[in-house]
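Have a look at this one before I ask anything.
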């Protein structure tokens, strides 16, 4: 099981703060495809991803138990 | 009568915070010469001068009643 | 009491406290930057802002910025606090304090800190305008992964 | 109560007060610079500092710097307080606060302010070292009247 955290506009579009994805291993890109087909979030291509609080690359592997965050363009400061 | 204010090392060298100079009109340069001959302050050539709280040029005129300040290199901040 | 140098808080930011964190006998200069809620942006009136953070990662990224600064500017100390939740006009969203022996580094490092916050710290701002609301993103007008890489180098890479 | 934007004070400087003076609904950025008493300078240990000012002219010159800033950076607000008397290590000698709609101007104007203070404001610092004392001057390592002119243009010239 992979936990996916949502923030800002993504949280509002999906209506949830987190999604549980039933998978044991997949890449960031694969996860994004999965989320696109299951939820109506086209923005998912334009967000960065963090795995366990570290920024990740599209080919990075996510394994069961990981916490993934979808990170829309940040606007702090 | 012209009042001359002294600060920092000049105040310590002369041992006074102010000097009264008996003159009705003279230039900044003339005032400095007068001070050099009367008080032992060779540094006077290296200080800036203000007349009534405005920086002055060597040829600017000082008249009786003016307050002149001798301003050694500043070191605030 | 131990005070962390990098914090995400819900309450109003006390600037003096953050300055205290970086005050040291070696320092001759302390710069602070306060990001405050501005009423007007491009002719549009803001009523209030709402900030959301991915808190644990945001704190990590603030610490990362602190580390980058200490690598680039010798003998600096860095404290950054970002507030989340609802903020009214003129309230402080972020406070950055940098101390250093000399002023040049304190200015440069401070400006670097706010630039990096706007790049890598997972915090989002929602503008509540007179006539609507919107999440703000991509302030830097850059696409994501402009270099094809995330904006920080991971440890061990 | 009316608070002047440019002050010479004998008492410890309260940073929050100076920040309050420049806080405005139009501001999105406030920078502050604090000059603090550093213990070590070129391997020599400072015990304390003593500042002296030609107070009325110093206030005028601080106001002059504020004026120069407002001419160069649009929609900025400036407050500067300099302390005089005896200051111990880590105490604040000068505090500069600048607010502006955007951060770039707030940083630039702040750095300009401290540079100008070191050029034109009649304030002097006496270092009390472990092994002696001395009035500090000419920090910028320039001769006086480097251009043959005083460092500001007088009104009406």
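As written, the chain order gives the labels A, B, C and D, with residue 1 at the start of each chain.
As a working rule, a contact is a pair of C-beta atoms (placed from the backbone, for glycine too) under 8 Å apart; a residue touches a chain by one contact, two chains touch by 3 or more.
Per UniProt, the chains are A, B = Molybdopterin synthase sulfur carrier subunit; C, D = Molybdopterin synthase catalytic subunit.
In this text the structure is predicted, and so the values were computed from the model without any measurement.
Q: Under the touch criterion given at the top, what is the topological distance in steps from chain B to chain D?
A: The least step count works out to 1.
Q: Looking at CA centres, what chain is most distant from chain D?
A: Greatest centre separation from chain D goes to chain A.
Q: Report the inter-chain centroid distance for chain A and chain D in whole angstrom, where each centroid is the mean of the CA atoms.
A: Chain centroid spacing, chain A to chain D, equals 49 Å.
Q: Taking each chain's centre as the mean of its CA atoms, how far is chain A from chain C in angstrom?
A: 24
Q: Mind pulling the residue numbers of chain D that touch at least two other chains?
A: Touching at least two other chains: 35, 114.
Q: Kindly provide every pair of chains that touch.
A: Taking the chains two at a time, the touching pairs are A-C, B-D, C-D.
Q: Under the touch definition given earlier, write down the residues of chain C that touch chain A in their complex.
A: Contacts found on chain C: 35, 51-54, 56-58, 60, 82, 93-94, 114, 117-126, 135-139, 143-145, 149-152, 154-155.
Q: Could you please specify the touching residues of chain A with respect to chain C in the complex?
A: Contact set of chain A toward chain C: 5, 7-9, 11-12, 46-48, 50, 53-57, 69, 71-77.
Q: Enumerate the contact residues on chain C facing chain D in the complex.
A: Within the complex, chain C contacts chain D at residues 15-16, 19, 23-40, 89-90, 99, 101, 103, 106-107, 110-111, 114.
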